[in-house]
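In the two assemblies presented below, chain A is common to both, partnered first by chain B and then by chain C.
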Partner chain A sequence: MNNVLDLIFSTDFLFTTIRVMTPILFAALACMIFTKGGIDSIGTEGIMLMCSLAGVLGSHYTQNPFLGMLTAVIVGSLLACLFGYVTLSLKSEPVLAGIALNTLASGLTIFIIYYVTGEKGSTQSLMSPTLPNIHIPLLKDMPILGSILSGHNFITYLGLLLTVVLALFIYKTPTGLRIRSVGENPDAAKSIGIKVYKYKYIALIIAGALAGLGGSFMSMGYVSFFSKEMVAGRGFIGMAAESMGRGTPIGVLLSSLLFGAADSLAIRLQMLNLPVQLIQTIPYVVTIIAIAIYSYSRTEKKISK
Partner chain B sequence: MKKIISILLMTALLLTMLSGCSKPEAPSTPEVSDTDSTKKPKFVFVVTGQLGDRSFNDSAANGIKLITEQLGFETNIIEIGRDQTKWEPTFMDLAEGGKYDAIITNGSNAGELIQSISTEFPDQKFILFDTEIENGQYPNVYAISYKQNEGSYLAGVLAALVTKSDMENSNPEKKIGFIGGEVHPIISDFLVGYIEGAKSVEPDIKVYVSYVGSWDDIAKGKETAIAQYNQGVDIIFPAAEQAGLGCIEAAVEMNKYIIGVDSDQALLFKGVDEAKANVILTSVLKQVDQSLLRAGKLHLEGSLPYGNFESLGIKEGGSGIAINEYYESNVPEDIREEVKKAEEKVTSGEIKVTSALGLENEKIDDIINSVKP
Partner chain C sequence: MSNEILKMKNITKIYSNGVIANKDVTLSVNKGEIHALMGENGAGKSTLMKILFGIEGKNSGDIYFEGKRIEAVNPSDMINIGIGMVHQHFMLVDSLKVYENVILGMEPRKGVFTDTQSAIKLVADTAKKYNLNVDPMAKVSDISVGLKQKVEILKVLIRGAKLLILDEPTAVLTPQETEELFEQLILLKDNGHTIIFISHKIREVRQICDRITVLRGGRSIGVIPVENSTEEEISRFMVGRDVVLDVDKKPASFGEVLLRVENLNYKNKYGKQLLKDVSFNVRKGQILGIAGVEGNGQNEIAESIFGFNNNINGKITFRDISLLDKSIRDIRNLGISYIPEDRMTIGVTKDVSIWENLVSDSIDNKSLKNKGLLNIKKIKGYARELIREFKILCRNEDQQVAMLSGGNTQKVVVAREFSSDPNLLIANQPTRGIDVGANEFIWKKIIDLRDKGRGIILISADLNEIMELSDSILVMADGEVAAFFEDGKNTTEYELGLYMLGIKRQSLEERVGKFEKE
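Moving on to the complex of A and B:
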């Protein structure tokens, strides 16, 4: 038992949790903006995968990781707009279009890496600079806190910062209000003269950019190359985190953190003498429990009203 | 405008599909006249997945190349992707067409499918690699399985010697690691051999065993490896396909060692990323290419035992570890000597390595538990 406690209550565990959380946080923030704008978010996975590759290629050709990240952001926004064009203007079924986008991403990324490197597995033969880890002055010298919060990747801090910025943006700015109104009731928004498509596309661009940042973290922060299917379902976990966090930035952050903790706990518990199959269910069991507790507390509130 | 965009989208979609089943390689010996009595056999390799994995499929493709070059066969490679719904129609078409003397494919993926198809096409020969079949049941199928447990045994010997040694990046703790993609009979076979090899050197060794839970998730592979290294492990043997690439990256970052799998992974990084090449002390090889070349030769002689499977170990050149320049420069000579001695013992039959294939789950668990930290 002491072993378990040592494994969980270590600075290393909390540090890992934040690292595991980062791509999920970006996916969840992207899903949050999609949902706020009333757009289906199922294509997040595919956008992230494409952006993982776009980031590596941008970084390789410019030899500057920040320009690589920018490439990923632009590609993410464009893909989200493409998805928006197909579903909003051409009126196709959003779920189908999202699945098509995800399928396109897994095939097209392999096609592109084959075209660029002659291999179909990964871009390891391309030299692409990665985004730096940041050691925060003062904080890094503090005991415990320093080793948990300092030394993360640039994008991780960007994610935390963006969570705050997005919270202000959605709730405190006119644009944010309009995005929410076109998402909740486009007809009502239209009747008071809000350009529905304009705000939907703004939401698409922001969400795509967030997915792009998440994707570039995968290939330029987490590891240093692109590999096929490397997003491995994080876009979908982001969707779950978004709905678990009920679409609020703080809720999204906390549920992403929970997913991150569950995942890194599962990795650590394997070190102990426990059956693997059981351990690998932890992230899913945690999700079910968390949603159950949340729903229960909500129904309780409603009843007491 | 809408039309143009929809055309563009269609083109993009088509391109994606093409990447899945890219252009088959052109037949290398064209124009064989029908009157030619010494007509060369035709083989086709159906890739259930994609080439470019720098591992299993690529090794098989190299085998096909060797068959073309050394035996002069007409060969073809068809990639059909991971979508299993497309597999059956493709194999049916190929068998029905009757164009090829033998259809080669990865049996650990498509083995059962081929077995059921083979009875419908008794005249079509099939060669499966990396699987076993019931002997005599399918007279037109030949299967090759690899004694990955023998190669892994040597990896275990090496890992235990490294963790005991005073090599630059090894610590005093006698802990080594193993990371599998998912729980799978073949992966257990790797693991059992690895443990047995390590125990032969150091009976008190501790082996950390983890699974990524995916074959593609490199980030999680890296995370799993970091967690093991943090426990005092100094060398890990990952058998997790693509996800293993993440483990290699963890080794570089943390200044630890790794053992590659399936193909000579250090050589793949040569000239591309020397830091990665240098942490990969050796690789456990499944010599798919050599085994296919051997099958091609036997087919030509007419002595390939269709209807049966053969298990190829170190002795038959089907399994082993990679001896390359990185192994020679990074592993101290006394360790290399020990590994060589172990190899000789396995080849001569003095040591019989336990196989997880066909072993009950409880027995496998007992072996894993005997070295649990």
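Moving on to the complex of A and C:
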């Protein structure tokens, strides 16, 4: 038992938590912007998966990881706009469009890697540079804090920075206010001459870009290649984190951290002699439990009101 | 006329399905007047305003504002030239603060950010200038309907509107809030603003408007100056015939008690107490009006009697049979009918035909079947009879209910609920949002039912309806009975308003005493 506790309460564990939180944070931020703009966020998973591959390919062909990341961002925005076009302009059912996008992503990515590499499982044979880890001066030399907070991937720091930037954007800028208004009551926005679709598409582009960044972290930071189905439900966990975080940036960050910790725990426990399959369910089980507790506490609150 | 601020000339609008919404309509509004736009539902008022605002295109006609011909493409064009609209259904974003709603789309900036301080100040200053008492920092979802309306007016004023259009602004207000609104409108008029006031309510129009343009059947019938006209004249203009506005009703003769509600308590699923110790009786030959500001338990009373709610404490008995353990089917079989408040979601299935809706309560009736299968021919014949009897305007019985106007949809509901010849009718907002003609028709049907010795519970937010129709009046406030008048003639709209708002409340003894006397 001590063994387990040692595994959990270590700087390593906290470091891993932050690392594995990164894609969930991006997914949740993407879902947050989707939701603020009144757009269904169910396609986040598929967008992330496509972007994981897009990032690797961009990085491989340009031999520049930042251009790879940019590719992922562009592909993410385009896919989000495609989803927006299908659901907003063509008025198809968002859940169906989202499922279609997600299944398309899993099939199409495999098709593309087979086309490019001749393999069906991963892009390990490609030379794709990864995004650098960043050691923060001063902080890296501090005991404990240094080994937890320093040395993370570029995208991880970008994620934390973007959380703050998005908070300012949503709550402090006119564009943010308009996105919230078209998301919650498009008729109200329209009645005072706000172009509803314009702001919906702005939300789509931003959310798609965020999902793209999350996807590119998976294949260019977390590991150094793309493998099929590598997003493995993080897009959906992001949806859960968004809802648990009540759609506020700080809430989203905290709930992403919680899910990151669950993920990190699963990774740690694999070192013990326990069935791997069981342990790998931990992040998903935690998601369900957390959502259940959260929903329960919200109903309780309503009652006490 | 040099004084004319808006002129809509010979406007014609034909929808793609062939419905003529406006035919050669002319509307002329003078600067600084409050101009009423009246007409029954489906008379073309909304379409005309949508055309003015560029929400709908028009087939022909011209619009002039301040002497210049204008062509509206979208609402912001109209806002820019100084026309603002306060919609009947508020156009507010609930989770945002009042000031955010007001400045939305015209946010003052400081660099890339919204200049929050000057936004709040701008809103507060404008509110003060026009005497619209709202807190800029309050969240819209937390404020009352009356305040929301003020926010809407503020939104329009802050955008520099010279002409304000208010679409049925008093429909959601209490009498006191209405008075306040009227004071504000007169203040605006004194400040040189022009107002178009869309309404059904002749009394209100007479109270504050200068002139009236009446639409009927998509045409403009004429312009009446309010000063030299009577209510009867105006209503004749609106419907093209005399409408009995003061209902002609025989004195009530109450029979035995049909329904007894005793100490009814109800908590919703979140545990909020929505009904508290509500007691009343309904007798044969009695119309019991239940008045109250919406959301004060009236709806819950209706739903509790009709078996929608669990979690009820207390007693509800119909002819000494308890209704609490009965299903809705059982309750209907006892001879209780229900006209629900929300006709589009509970009252009808809007995507199916009229005939299917008309028999949805009586589908188990053997006479409509032939060897266990529906006798469609017979059902349709029966539906045609009901359509005739209730004057439902439609192409034929196969038409989808969704294609009907609000008034005709409500007639479908009323026809069905009356067709079972109920002993007790619960009518929840039976005439909301429908035209004078249909309104009058439904009132007559309700009175006829009473005269046949049946019991009726009439729930309405329209005090005029309560006053005109009810024999006895119960006022609900905060889930409790605030007042009971066995003879509805012994009170006034103003007094009812005080009870509705919880400013006055009868003591238990006052109320119980009245019940005992019965």
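Simple rule for what comes next: the second predicted complex is superposed on the first by the 264 of 305 C-alpha atoms of A that agree within 3 Å, B and C clash if a C-alpha of one lies under 4 Å from a C-alpha of the other, contacts with A are read in each partner's own complex, and residues count from 1 in each chain.
Methods note: contacts are C-beta pairs under 8 Å (C-beta built on N, C-alpha and C of every residue); 3 or more make two chains touch, one makes a residue touch a chain.
Fair warning: this is a prediction, and the values are worked out from it, not measured in the lab.
K.L.:
When the two structures are laid over each other on chain A, do chain B and chain C clash or fit?
P.N.:
Verdict on chain A: chain B and chain C fit.
K.L.:
Tell me which partner A:I99 touches in the superposition: chain B (first), chain C (second), both or neither.
P.N.:
Touch partners of A:I99: none, neither chain B nor chain C.
K.L.:
Does chain A have more residues touched by chain B or by chain C?
P.N.:
B
K.L.:
Applying the document's definition of touch, where does A:N273 land relative to chain B and chain C: first, second, both, or neither?
P.N.:
So A:N273 only meets chain B here.
K.L.:
If we overlay the two complexes on their shared chain A, which of chain B and chain C does A:S191 touch? Say first, second, both or neither.
P.N.:
Second partner only, chain C.
K.L.:
Pick one for A:L90: touches chain B only (first), chain C only (second), both, or neither.
P.N.:
The answer is first: A:L90 touches chain B but not chain C.
K.L.:
Chain B to chain C: minimum CA distance in the overlay, Å?
P.N.:
22
K.L.:
State the interface residues of chain A toward chain B in the complex, per the touch definition above.
P.N.:
Per the touch definition, chain A meets chain B at residues 12, 16, 19-20, 23, 85-86, 90, 100, 103-104, 107-108, 110-111, 114, 119-122, 124-125, 218, 222-225, 227-230, 232, 263-264, 267-268, 270-271, 273, 276-277, 280.
K.L.:
Along chain C, where are the residues that touch chain A in the complex?
P.N.:
74-77, 79-80, 85, 87, 90-96, 100-101, 104-105, 107, 109, 112-114, 116, 155, 159, 270-272
K.L.:
Which of the residues in chain B come into contact with chain A in the complex?
P.N.:
Residues in contact with chain A: 2, 5-6, 9, 12-13, 15-20, 22, 50-54, 183, 208-211, 213-214, 216-220, 222-224, 226-228, 230-231, 242, 245-246, 249, 269, 272-273, 276, 369, 372-373.
K.L.:
Under the touch definition given earlier, write down the residues of chain A that touch chain C in their complex.
P.N.:
168, 172-174, 177-178, 180-181, 184-185, 187-194, 299, 302-303, 305
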